[in-house]
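Each of the next two complexes has subunit A plus one other chain: subunit B in the first, subunit C in the second.
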Partner chain A sequence: MAKKLLSGITGICIALLIGAGMMLAQGYDPIATYQALFQFSLFGLSPLATTFKNSVPLVLTGLSASVAFASGVVNLGQPGQLVMGGLLATLGGLYLELPALLLVPIMILLAMLGGALWAGVAAFLRRAFNMSEFISTLMLNMIADFFTAWAIVGPFADRTANSPATLPIDKAGWLPEVGGFNLSVLFMLLAVAGIWFVFNRWKAGYEWRISGQNSLFARLGGCDINKNFVTVMLVTGALAGLAGGLVVMAGPHRFLKGLGANYAWDGIMIAIVAGNGLIATLLYGLFFSAIQTGALGMELITDVPSEISLVLQAVLVLVIVAGREYLSTTLDRLAARRKALAARHNPEGEFP
Partner chain B sequence: MDDLILMKDIVKVYPPSVVAVDDVSVSFRVGEIHAVVGENGAGKSTLMKVLYGLVPRDAGEIVYRGKPVVFHNPGEAIAAGIGMVHQEILLIPEYTVWQNIVLGVEPAASFDRLDREKARHLVKEKIDEFQFNLNPDALVGDISVAARQKVEILKLLYRNVSVLILDEPTAVLTPQEIPQLFSELHRLRDDGHTILFISHRLEEVLELSDRITVMRRGRKVDTVEVGTTNKEELARLMVGRNVIFTSRRKEHTPGKAVFRVHDLTYVDAEGRQRLHSIHLEVRSGEIVGVAGVEGNGQYELVNSITGLIEPSSGTISVNGSDITRAPILERRKLISIVPQDRGKMGASVNASIMENAIMTHHRLDSRFSLWKGLLLNYNQARTFTDELEKRFAVVMAARDNLFKSLSGGNQQKVILGRELMLPSPFVLLDQPTRGLDVGSIEYVHEQMLQMQAEGRAVLLISADLEELFLIADRIVVLYRGEIVADLPIENASVEEVGYLMLEGRGLQRDGQKAS
Partner chain C sequence: MRILIGLITGMISGATPILLAALGGAFTFYAGVFNIAMEGMMLTGAFFAVLGSYFFQSWLVGILLAILGSLCMALIFIFFAVRLHTDEFITGIALNLFAVGATTYMLRQIFNVKGVFSAPGIIAIPNLDIPLINQIPFLGQIISGQNLMVYVTMIATLLSAYLIFKTRFGLRVRAAGYNAASLDSSGVSSARMRVWSLLICGVLCGLAGAFLSLGYVRLFSENMSAGRGWISLAAIILVNGNPWGVAIISLVFGFSDGLGLLLQGYNVPSQFTAMVPYLATLIALYFYSMKLKRTPIGRAYLRKHKHEHS
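After this line comes the complex of A and B, so read on.
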């Protein structure tokens, strides 16, 4: 744990230094740039609240990918599951007339249902035709993309809008701000806590983890790995769908063209950077959100283009993923050296 | 005699803190066969890998031909004349013998083309020089394991290596093939080669070598001349106590039939028939051994029992209930399984010891359930792991450590413990002592006798005839997917079973056609 934290923090520092070097090379002032970046993302209640709100889709899709990958399920369908969840939640918000206390939970359930159903298609294809979910989830992303694009120009289109979008959802389905923070942040944290609990305390979570490491062992041990596969697909689909629902309910309050943006791909990237750790996914998700959020503000007060955040993210991914292995082997090697020296100085002592 | 190689104060620590070789000094002389023996995890392979440049040392010095040397990789060691043959044979099956041998140092014709004629000729010369009975044009995929091993040795000789390191060369050979290897090794020694030989089979070591270095827990215990020692002394040096070598079997009468295989047939996806009408019965309190050269249907038999493959026809039953097509969890209520590959099937090496210990129990034993079986009771899991640690004398630092941090013997103890703590009437053991050291093997054997005493039915699949004769009440021989013999141990001899394994028919029945 301490080692992971150390390698994460070292990686972030090195990446920021490399980013600074790049800004210097372009003639920008890195200190002022970083100051602006974090001023608009971390320092102060409002920037922090924005960072948290923007982190919701990153963290949830990242969590979806982390849980799937750690269970040995190659679910790469978060982009499609996100938009399907978002669309289904939007439909709930458009056609149900209920008080907020009922509508919000129902829309959230619909979002999760949408994502789970879409992931369920891939799970079904795997179970019925032995089709690799690696391919089918990727392909289903395309279908979901075009399906939602059709839905918002066709049957659910807002004819008065300038760009493809649905009508706004019922006000009762808008997530309010509480103490500056959007309520979607609370739902995200609940989802993190919930999935952590399932993954680390439920029997099912135990079986998922073991299957992810060695599915043959799990199978021989009596775990129903087929059932577990389907469950993991549905659960991770639901997480990605939830991301879509919360984006709609917290932000534009309608399904717009391009709603999914790059959230899910960033989320998958975050899962990889986090090494499929659930808490690590939350932390890296928040950090990536801070960079993305701050970049927009930074552009306002410095000459540095906001695209520098993309460069920073890319450098972060490379440094952290490459550095993780390197750092841990280096630390191991240092420990081995110490041990060897101790063994030589104390040749009669029993080694532990 | 001169010291050819002197290893001084060698220390190797596998990160983070496994001291594999702990301040070992040993010398090897010109023209000797020097065995390095020890239990698994004693550090003998690591010591040799340090010499060969495969594993960097953390401290110490190697003097070779009077000069201190550092080999950064095996290539440098081979260039200096030191070569190693690994346990697993690393050849290209689609290539011929000569192609495999010249691979990497091919004689070149003009335009850097491979000079096939010359290469083949050079290899043929080497084969003749060392009187290896090999056909240079045979495909490696077609020749026996023993011949492949010769190719490996020849590969090094072709590179003019004068020091040969062999890592458990007999582990892959049948009993009949070992004498030939030994006579070839003796001839190489007489030619002036130095042979370093890793083993934990004491008889072989005594037969083959001139000097023996015994290692225990990373340290060198002693180097002894062969003439001045015997098997019992070596065993004592290796494990630090006396090991019993006589048959462990006790007189007893087995009870009712527990495990039954009736007319089991398996045809694989390519249409090859792997199992031919197998009939097998194991009674309670009985240990039945399955002998056979690997690849004669053991894999299919085991997987049909565990449920990883579905047999084409026939039935398998335990205590009268038919499990031929039952889900694996249903089988696990009746069958304990110790699979042959600890890392692939027996455990998840990157999970904690505790997570490995509770597998299967977590589904079958209600004490691991909370909230109507939704939650895993981690308190009970901890208690259970401690119980297993105590009952099976597992040496471990903490139950939350990774499974792979355990030594091979302790890994097997955890697996064995987990399986024996299931209340199943039938135990399936697939090569349960493979790769274990003498002490751990003895422990596994003791546990088998314990199962027998508890009245369980035990099916033991083993490639080690000595083990089968030590433990089993009955031996069945698998040959090309058929059971060709079913012998009570009193009526069986090692030679006969060995012959049955290779030929599919018995010695005395020569002339009669096998069915």
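After this line comes the complex of A and C, so read on.
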């Protein structure tokens, strides 16, 4: 834990320094830029609330990827599952006339259903035809992207909007702000807590983790690997779909063109940086959201374009991951050398 | 006849970027590198091709810059995956993200636009008319008059197959993937072979990117590689890296690309026709796994991997 924290913080510092170097090279003032970046994302209730709200899709898709990867399932389909969940939730909000207390849970369930169904396609292809989910989820992402693009210009289009979008959903489906924070944040935290509990405290979660670490051991221990694969696929799909639904319900209240594109790979990126840890996913999700949120504000008061956040994120990923692996191999090497030294000095003795 | 020629031409130009990237991926595949960074390398190449072509008024400089840009990505990959021993899958994903971020950022910074950059100043890669052959009635219209990069791709396919299977270099590349320890013990560094394979991949992906932004069209748009790098990865996996197999699979994907365009003429919404290459990949994957089930080696492979995911 301490090692993880250490490598994470060092990684962030080095990445921010590299970012500062790039800004200097282009003639920007890095200190003023970073100040603006974090001023618009962390300092004050309203920036903080925005950061939390924007973190919802990042954390949930990250959680989806983390759970999948830690269970040995290569689900790279979060982008597609997100848009399918978002679309299904939007349809619920468009056509169901219910009071808010009923509509909100139903839309959330629809969102999860949409994501799970889309992930289920990949799970089915794997189980029935032994097609690797690695390629199939990637291809399904593109297909979902085009499908939703068609849905919002074709059958569900708002003809009066300037850019492709559906009509706004029923007001009862809008998630309200509570004390400045959007209600979607609460749902996100509930999802994190629920998944953490299942993953770390339940028998099912134990089986998933063991299957991810050593599938042969899991099988010999009596786990039904195939059933677990399908379950993990559906659960992680539902998480990504939930992200899409919450984005629609909290933000634009309709399905806009490019809804998923903004978060396309962010979840996978966050899971990788977090080393598939669930709490780490939450923290890194919030951090990446702070960078993305702050970048938009930063653009207003400095000359630096907001797209620098994209570069900064990629540098963060590379540096943190490389730093972590380099640190662990270095530590291993040091430990091995210590052991070798101890063995040389004390050939017959026990290892400490 | 016109439709058929259009379909074949569409097939060839659709296959070209996929084939170029997949040939690069074939080298890394044989060298035992799990390289999924073709997407990012291609995108970087596409951006730098437009950059060079626009500022130097020359498609040749565009191609050279595309290769350089893509090589930079390969060097980053080498630094992290070969030098620091970072996980190749993770490095590849991070690199793809970096490519999207960096090109979007530079698009904004250098050309001051969001989304798409197109200008009359961008010089496209020319088409090549081959004298005499272009006189042949049907064949001439297919063989002659294609984009220069199409011919480059044909030569690249020949060269790749020759390099991989007929030369000492190729033998060493394959040995690095097949049994790195025995290559190392015979005095050839397997890490160096991996570096070479990644550099070759960088060059070929740069060419693929240049074709995307200067051959197909004359513009750069955000994320314009649009999953082609992933399709080329699928092609490599389907034929175990064999350059000739890769060429055939790429043509199939190219055909589905052209087919999509043709379907648009029959009032199928463009979003559905755009799905066709990705559906074709899924179908190809289906046949691949079915083939695996039928051959004895495939069955052994399946037994071995039956209870492993990924």
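As a working rule, the second predicted complex is superposed on the first by the 326 of 352 C-alpha atoms of A that agree within 3 Å, B and C clash if a C-alpha of one lies under 4 Å from a C-alpha of the other, contacts with A are read in each partner's own complex, and residues count from 1 in each chain.
Following the convention adopted for this analysis, contacts are C-beta pairs under 8 Å (C-beta built on N, C-alpha and C of every residue); 3 or more make two chains touch, one makes a residue touch a chain.
Quantities reported herein were computed from a predicted structural model and do not represent experimental measurements.
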| item | value |
| --- | --- |
| First (subunit B), second (subunit C), both or neither touched by A:Lys203 | first |
| Partner chain in contact with A:Leu234 - subunit B first, subunit C second, else both or neither | neither |
| Partner chain in contact with A:Val73 - subunit B first, subunit C second, else both or neither | second |
| First (subunit B), second (subunit C), both or neither touched by A:Leu341 | first |
| Subunit B versus subunit C as contact partner of A:Thr329, first or second or both or neither | both |
| If touched residues of subunit A are counted for subunit B and for subunit C, the larger one | C |
| Which of subunit B and subunit C A:Arg219 touches, first, second, both or neither | both |
| Subunit B/subunit C common contact set on subunit A | 216, 219, 329 |
| Residues of subunit B defined as touching subunit A within the complex | 9, 11-17, 19, 22-23, 58-59, 218, 306, 308, 327-329, 332, 337, 339, 344-351, 355, 359-360, 362-364, 368-369, 373-376, 378, 397 |
| Residue ranges of subunit A touching subunit C (in the complex, touch as defined) | 26, 72-74, 125, 129-136, 138-143, 146-147, 149-150, 153-154, 211, 215-216, 219, 225, 229, 265, 268-269, 272, 305, 307-308, 310-315, 317-318, 321-322, 325-326, 329 |
| Contact footprint of subunit A on subunit C as seen in their complex | 76, 80, 84-87, 90-91, 93-98, 100-102, 104-105, 107-109, 226-227, 230, 233-234, 237, 269, 271-272, 274-275, 278-279, 281-282, 285-286, 289-290, 292-293, 302, 307-310 |
| Subunit B-touching residues of subunit A, taken from the complex the two chains share | 201-206, 209-210, 213-214, 216-224, 329, 331-333, 335-337, 339-341, 343-344, 347, 351-352 |
